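Below, chain A partners chain B and then partners chain C, in two separate complexes.
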Partner chain A sequence: MIKIFQSEFFKLRKKLRTWLGPLLIMVLVLIAFPLSIDISQYDLNRFYFSIIVVALLMISFLSTEGIFLEDYEDGSLEQVYLVEQDFYKFVLAKVLTFVLLIGVPMAGIGSVFSILNGISINEVPKIFFMMFLSNLLLFNLFAFGSSLSINKGAILGVLATLPLALPIIILLGRGVRTIQHGIGFEGVMALMVGSGLLVASITPLIISATLKTHLE
Partner chain B sequence: MFSSFVHRFSSPKSYVEITRKFFPYISLFGFLLLLIGWIWGLAFAPEDAVQGNSYRIIYLHVPASIFAQLVYFFMSICALIHLVWRVKLAAYLIKSAALVGAMITFIALFSGSIWGIPTWGTWWQWDARITSTLILFIMYLGIITLHGSFSNLEKADRLMSILVVVGVVNIPIIKKSVDWWSTLHQSASITISDGTSIDPSMLYPLLISIFGMGLTLISLGILSSKFYILTREKNKKWVQSYV
Partner chain C sequence: MSLIAANRISYTINNKKLFHNLSFTIDAGSALHIKGGNGSGKSTLLRILLGITTPSKGKIELLKPNTKITYLGHKNAIKNYLTPIENLKLIFHQSNLESALDWFQRLGLSRVQDEISANLSFGQQKKLALIRVLAAPADLIVLDEPFVGLDDSSRNLLNKYLQESISTGSSLALTSHIRPEIISKELMLENFSND
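Showing the complex of A and B:
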């Protein structure tokens, strides 16, 4: 498992455009938004976090679109399927690699921009952890979506799973409100950790079943 | 035992034959019940003390909302049967039910919107129940689109079933959204544990509408699935002799 993870990590690290591109887009969106509105008229601090949340959603959506596509097209996915007995380990490694190389920096960028827009520095670990968990959930979900329509343009499958991401967004928004009000954070966090663990352990199995359907 | 039961009654041919016998009764009975429920509710049920006559839309909105979720639940059971026992008929039923589900969810959203004007003063509110029902509607459309995008229909059936099973997580969220989030939408007026808070003069036509709507949707589902089965199995001998 660790070997597969290392090789996937190495492969993704080499593809600068795949992991750096989404991060740059996120930074760009978060910078461009305040510039595009008249900040003298709006209290940006009140709704800036919503922009971060939507950016997280869209960037995780974009970055997972081609998560299995290249492996599928060059035949390496089929090869892994034939060689690897536990195909889900490969899927788990692939998704975790994306979470580590794209999801974690995204959570970092989101946290930095939260500080710039009024969140206290003491609250940053909470914000970071919450965004990391959201990314874990979103990456798993969109990886599943991508696997659904891998040979028909992954965007279709990802779009089909997009509605399922909305409860995650609602939960994330609620988490931020609990941080701002200083009450109830632990409850939301427990719910997110629970869902994160459940999704991260079940989704690779579902994705591998979906990919097998394409490969058989 | 269940497995043999499933396989025995799961051939598209026997489904078409069985539904052929029951379809006229189900559709007629459903239509009559719906008609009675609506006429009773719209013309004879008393006016509501707070909402006046605008509440009468419940005779359309409540049954539509209930079945918007129930149709998805039915699809998820079919999806499980298709994935576990590879029963073709289950996939055909999912595809047909998705169309009915999308239609009834749209009716639920639209009638809720109309009801929103006199009660909340707005057509739309980004409220937990309404938003989660909208998500359900988009899920139905996603399932239909995903299935339609594959030329290999067996593969499309399997992928659609997987998506339906995963999407079932949305159903408890919709159901409990009015309890979990602070929301404009009222919580359920009829519950198993607490009974009902609706006066019997308004409740009976509502229950009749719910049953009528259920049977009407079943007959619509039967029609849609029969059409789909005959299209999918058009090269089989039994279809040629049936048509």
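Showing the complex of A and C:
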């Protein structure tokens, strides 16, 4: 498992455009949005976090679109199957790599920018952790979507799973409000940790079965 | 001793019958050369042997537990954005890496070791992909058109390696339009007409 993870990490690290591109787009969106409106007319505190959340959603959506395509096209999936006889560890390692190289920096960027939403610096680690968990859920969800239509344009499958991302976004929004009001944060956090662990351990099983059907 | 047994396997795709009621065994230390025209199902049969594709009917039995299999199909499974050495390190980690680097030299790839694999010629990419098979001893070697794109010296090296592997007890299943210089049983796949 560690070797698979090391391989996946090495491959993604080498593909600068795949991991750095989404992060730059996120920074660009978060900087460009306040500049494109007349801030003096709006109370940025009230809606800036929504922009962060939408950016988070879109970037995780875009960065996972081709998560399995390269391995499918170059024959690596067949080789993985021959060695492992399923794709569970491979998918687990791949999604985790994406979360670490793209999801964690995204959570970092998002939580820093959330200061513009009136979040105090002391609360930034809480926001970071919540965004990290959201990314863990979103990356698993969109990786599943990508695996559904891997050889027919992965964007279709990812689009199909987009509605399932809504509960995650709602939960993230609820979490931010609990931080702002100082009550109930632990409850929301426990819910996110629980669902994060559950989704991160079960989704690779489903994706593994989906990938196998594509190889048939 | 048989390593793998195919029992009455058939495969149909999009109402097109590729093969029907095929039964054969591959013994340890023997080779099976699967022949047939284009579209006769040779590659599919190899994928069925490997368990990647499920036959429409019949079954494949691996008679030896924990059979170690190496395979090279139509796709090379190499990463175009990595150098050949990086590709080998991905495939072999530490085990067999020394042997892989030895094959890398023997196949004349040393002079392109710093290039990214996308810049390699078709034949060089094929050689790089073949190292996956050459450097990892296996009970069963499965190759789909392994000689395509290879120059004469590499083809001879591969033939010699395959013959040596067979004589040391490995089994081989391959498809090839270029006749391999190894002693092998032949299995001819007919082109079925659609009823």
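Following the convention adopted for this analysis, the second predicted complex is superposed on the first by the 213 of 216 C-alpha atoms of A that agree within 3 Å, B and C clash if a C-alpha of one lies under 4 Å from a C-alpha of the other, contacts with A are read in each partner's own complex, and residues count from 1 in each chain.
Throughout what follows, contacts are C-beta pairs under 8 Å (C-beta built on N, C-alpha and C of every residue); 3 or more make two chains touch, one makes a residue touch a chain.
Note that the structure is a prediction, hence the values are computed from the model and not measured.
Visitor: Considering only touches as defined above, state whether A:G157 meets chain B (first), chain C (second), both or neither.
Guide: first
Visitor: Could you tell me if A:F142 is touching chain B, chain C, both of them or neither one (first, second, both, neither)?
Guide: neither
Visitor: Using the touch definition from the top, say if A:L215 reaches chain B (first), chain C (second), both or neither.
Guide: In the superposed model, A:L215 contacts chain C only, not chain B.
Visitor: Figure out whether A:F10 sits in contact with chain B (first) or chain C (second), or with both, or with neither.
Guide: In the superposed model, A:F10 contacts chain C only, not chain B.
Visitor: Between chain B (first) and chain C (second), which does A:S76 come into contact with in this model arrangement: first, second, both, or neither?
Guide: Second partner only.
Visitor: Which stretch or stretches of chain A touch chain B in the complex?
Guide: 144, 148-149, 152, 156-157, 159-164, 166-167, 170, 206, 209-210, 213-214
Visitor: Enumerate the contact residues on chain A facing chain C in the complex.
Guide: It is residues 3, 6-7, 10-11, 14-15, 70, 73-76, 78-79, 81-82, 85, 215-216 of chain A that touch chain C.
Visitor: Write out the stretch or stretches of chain C touching chain A in their complex.
Guide: 50-54, 69-71, 73-82, 86, 90, 93, 132
Visitor: Along chain B, where are the residues that touch chain A in the complex?
Guide: Those in contact with chain A are residues 128, 131-132, 135-136, 138-139, 142-143, 145-146, 149-150, 155, 158-159, 162-163, 166-167, 169-170, 173, 181.
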